[in-house]
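There are two complexes below, and they share chain A, which is joined by chain B in the first and by chain C in the second.
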Partner chain A sequence: MMKMVRTIKYESDRVPGFGKEVMSVPGCEQLKSCIQCGTCSGVCPLSVYMDYSPRQVMELTRSDFKNEVLRSHTIWLCASCYACTVECPREIRITDIMYELKQRAIKERVYPPRFPIPVLAREFTDMVKKNGRITEMVLVMKLFLKTSWLAGMKNWRMGLDLMKTGRLSLVTEKIKARGDIARMLDTVDAKKEN
Partner chain B sequence: MVNFKEDIRIGFYVCHCGHNIAAMVDCPEVAKYVATLPNVVLSRDYKYMCSDPGQELIQMDIREHKLNRVVVASCSPLLHEHTFRSATEAGGLNPFFFHMVNIREHNSWVHTDRKEATEKAKGLSQAAVMRVAKHKSLDVKRVPVNPEALVVGGGIAGITAAMALAKAGKKVYLVEREPSIGGHMAKFDKTFPTLDCAACILTPKMSEVGSHPNITLWSYSEVTKVDGYVGNYTVQVKRKARYIDEDLCTGCQDCITQCVFKEPKFEDLFNEGLGKRKPVYIPFPQATPQIVLIDPEVCLNFKRGIKPGQEPVVSDKCKKTCVEACGEKNAIDFTQKDELEEIKVGTIIVATGFKTFEAERLPQYGYGIYPNVYTALEVERLVNASGPTGGDVILRDGKEPKSIGIIHCVGSRDKKTHVWCSRVCCMYSLKLAHLLKEHTGAEIYNFYIDMRTPGKGYEEFYNQLLDEGNHFIRGRVGEVTDWAVTKEEEGKLVIRVEDTLAGVVRRIPVDMVVLATGLEPQKDAQDVRRLFNMSCGSEGFFLERHPKLAPVNTFNDGVYIAGCCQGPRDIPDTVAQAGAAAAEALALIDTGYVEQEPNTAYILADCCGCKSCIPLCPYTAITYDETTLKAVINEALCKGCGTCVGSCPSGSIVQNLFEDDEIFSEIEGVLAFK
Partner chain C sequence: MKYSYFPGCSLKGLGRAYEESLLPVMKHLGVELQELNDWNCCGATAYMAVDEGKACVLAARNLALAEQNGGHQLLAPCSACYMVLNKTQHYCQDYPQMKETVDRALASVNLKYSGHSTVRHPLDVLINDVGLEAIRQKVVRPLKGLKIAPYYGCQIVRPYATFDDQFNPVTMDKLLQALGAEVVRYPLKTKCCGGSLTGTLPDAGIRMVYILLNEARKRGADCLATVCPLCQFNLDGYHAQLRSQYGDAVLIPTLYFSQLMGLAFGLPEEELGLKRAAIPFRWRPAAPVAKAGASVAVA
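Moving on, here comes the complex of A and B:
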């Protein structure tokens, strides 16, 4: 049975000002000059798995389709290889725009439930803020607990190997001036809020 | 305040220029203010001073109010100084009793505060009113124009311009760097959109140039020095040694067949390196002039290992079968050297053309890495009946392609290479798609960003290609690779691209890739620019005087530009522009003289002969007279730059229109305004 989905976009589907807001972030300004040539998608090694191609994400962003962009898988699939940014004929920093979109999606919590990448990003920064360093073992455990137990189980062998070679430490690593790094990160956050 | 003489009667006019000035400057207010200044008999504001009624107003006022000075505050003198000087003259005054104030480019267009802009306009007008009172009557000098013309570059632009001038009865020197004229067009197979054979329409024009009595054709020659000024240029041309006496060679080409090299062995540049030639060669069958030349770098009769820039040395080690073949004609001369010739011309048309973008600069497209990646110009030769394969599309690996991808915008519309659209690539890609389909029956894929077909019959040609069943994929190619992912891709070149209209990323395996390389300025464009005292735009193409209204003029009077040296364009546009350049040159030649602005400098009797001004003059217009022991300025050479005036330690040099009291009055005028 064919499932009918409404694909037309009405003006009310847009979030006016979203595109301008993204393009006002330092590093994202060049998006204005995009000519939709598709070089980014053409060079992207992960475009084969994406729901929207990088080119489409660029246009949807510019055209204020905030909900579509922040919910797309594309921003999470980006592996930040920077091939698109290197090849873009308009010198648009596509990878950086992807980061900006990821940050917004995390802030607004609009990513798919139990999606590992935003969880990892959040746990990573929280740990850095708290300890000044990350402890891989703890980070990985937290990630699996909050996303998929099953995936954690499946990877036990690799975990064991890493531990044997000393790549996974069980001791929490900390720096001395933990308060300083937390203050630094808070300052950056406050700057971005403004 | 300066005391004005009783008999100075100034008429002042301020122009609204529609809204251009009036929107930012209160013109009636300016007129009212200037009316209060001494010696101003009359002060008006008017909507368009440059219009006929505006000019008549000046003439009428001169007669009715017995004006003897005129000031107009309007646009830039570049635009209308001549107009108002003529109006002043028509009113019965010497045209140099007129002075112009620029309150548009220097004021209304660049300011945002109406009150301040109006005050500035008043100040500038006051300065002009005080200056014009000191103006003197001057005569315009006429310098004759040498009726002979020089055309630099023998491509289709140069050929067209030279023929137009020659047909009008003018003597023309056509200087071409390569051994034959014809330029890029001679390399093309067919021309879009009508698909006429390029050689069929070009070679008759080439031979016409070669045989026209009014045209002196110097191929294998380069302009090395240009002196003089509009109407009277002295040009030095280097005639490179071709080791053949041009007057004796009949073009029989027996020397080529009899050369000790039985088979052609050396890279044939005319065929983009796809074919081979001998050390003695003629670039292509229809070359004009039909004169062979010898390449000393590979000819056995010259010593090996000569560094570039050094003169070739004869080794006399070859059997010289070519000389035997030439026989009594005796045209081969191994001792020939580069020669410098000097010619005198009145006008110059620069038509030095373009070069194509170097595809190696974009390694992701694989040119120079994968043998079956070609540039468009190489494909032109490949499909050409007189090309290296006789018109058969045989790839470098010996195969015939069954599928071909044509990638547009290679080196165009890209901030990392060239930002401009090269204008011709879409159309020539369509043409090559058609020709390749015709020659091979292959599946053709065109990868484009935007299809640009603005021209007579161009969109129709695009429709024809669509009807022929060619594939058009809108997307800029990410990469060309030989890395096969699926079975069908094995042994092929894979083009990875987003089909932006279908919204999917695709991998398309092809046998042959054609790169539609863009057009860029010649490598030595900057040297040529300096040689002819022209300007370049930021992209490196020669700059026209005005992008719309003076597209063939340069900022150097008497030097005109035509063709792709000004920017990328197709053959119809090039021919039209070459005709326009020839018409401009003809207008100058047939006027017979140029009027020189009398703003030249002259030397007063109290010159002490210190000679300090002589080396400073950029136009070498100053000499030292041994009998009077004073410096002398040649008025014809003086361009009125004022360098000598400023440098003279005894203040003995004066410049017309810029005399001390004129300049000081102007400064006082600005300073007096509060």
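Moving on, here comes the complex of A and C:
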């Protein structure tokens, strides 16, 4: 049997208000003026790997197709190089919109389990809250533990290099004012709840 | 010349060769750097993907600490730190609600950020404060015959171009030329290295690294010069995968501009972290030329 996939979105797929909500976030306002020229997709070094191109993500977001954008690979493939942002003729901060979409996808947990990119983001933020700094090697180990042991093992050669060049440090970096970091971050959470 | 210095996590970790070479080079030029006391992680790109309010609060603590110390000029050598600290300043200026979030969080730990501190990149300081002439005068072993591809990466000129052109930055080109090196034309100078995708999605990430290295090879470069710890790690650390997928020819060493400066200044090699890289850099400048006093003509 041929598997049929609908390629056009229906009106009923929309989540009304989603686009407006995103455009109300600092840095995302300009999205309303997108002319769909495709410059972003053209300059993006990762668009060849994306399911929806950056141009499509802009229109889908503005038109309330929440589920499509939050589940797309595109938002995770964005490496924050800001090429699109500086080239956009309407001065839309596309990278910042991608950040906003990533935040929403993480909050709603709509990404595949063990998908490394959001896992890395979570491990990173947990480590900063706890220690105030990042110990890169520990972060990398945690990432492999929580995503794929096999991928970690494949990098044995790199581990050896790092040891040889004196960079394989597993001593956790910590600041003195760790309590301050936690308190500041909690203040941000408390404000949101009010 | 005195600056507060914000090393960031990478310069204490995988990118330690950057700090190891930058500190003696700056000292040699008479630039005094005072490390910011008890600085914290800038949040990098990962925190922005989780919560931009918290990301700005984290970065703002460092800006507030710099102001508290009276050091209104904060030197941030890592591209991610440099961008995030700049972005936080812009967000606090442009969005009152963000400023309020930041102020409230800082007040909870008795800190205050007034917006007076400036974030500076070492290239900016070297070109605009120290000056190329002062740098030229310190060169005792010109990098004559060395062909370098100047690789700036993303985040020092994008999205906030403060000291160089957004599309065709040239500060590092000028700096390397002042050291006596030959700078090759490198149109990919601001293309992305893939960031953390080399680890999270190797198919895409390592391909991006290959494109950068292969272009440098085609242009006849002996090495690449970089300003970013993540770029250096990506261009150097995945050599095993690169060799098996694309062959040996693309394995070109990547150095920090500060390491190249140290070599040209004749600083002791052990101080420059040259052994930290996986792809070895074996080229060395010729022995020091004796400076013949005042009679040396300046070309």
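As a convention for this text, the second predicted complex is superposed on the first by the 184 of 194 C-alpha atoms of A that agree within 3 Å, B and C clash if a C-alpha of one lies under 4 Å from a C-alpha of the other, contacts with A are read in each partner's own complex, and residues count from 1 in each chain.
The rule we apply is simple: a residue touches a chain if its C-beta (ideal position, glycine included) is under 8 Å from a C-beta of that chain, and two chains touch if they have at least 3 such contacts.
Since we're looking at a predicted model, the values are computed, not measured.
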| item | value |
| --- | --- |
| First (chain B), second (chain C), both or neither touched by A:T61 | neither |
| Partner chain in contact with A:T95 - chain B first, chain C second, else both or neither | second |
| First (chain B), second (chain C), both or neither touched by A:L185 | second |
| First, second, both or neither for A:T74, with chain B first and chain C second | neither |
| Greater residue coverage of chain A in the superposed arrangement, chain B or chain C | C |
| Touching partner for A:K176 - first (chain B), second (chain C), both, neither | second |
| Touching both chain B and chain C, residues of chain A | none |
| List of chain A residues in touch with chain B within their complex | 35-44, 47-48, 53, 55-56, 87, 89-91 |
| Partner chain A, residues of chain B touching it in the complex | 364, 409, 413-416, 449-450, 474-479, 496-500, 503-505 |
| Complex contacts: residues of chain C adjacent to chain A | 9-10, 12-14, 16, 38-41, 43-54, 57-58, 61, 91, 94-95, 97-98, 101, 104-106, 108-109, 154-155, 158-159, 161, 166-167, 190-192, 194-197, 199-204, 208, 237-238, 240, 275-278 |
| Chain C contact footprint on chain A (complex, rising order) | 26-27, 45-46, 49, 77, 79-83, 85-86, 93, 95-96, 99-100, 102-103, 106, 116-118, 120-122, 124-125, 128, 132-137, 140, 143, 151, 157-158, 161-162, 165-167, 169, 173, 175-177, 180-181, 183-185, 187-188, 191-192 |
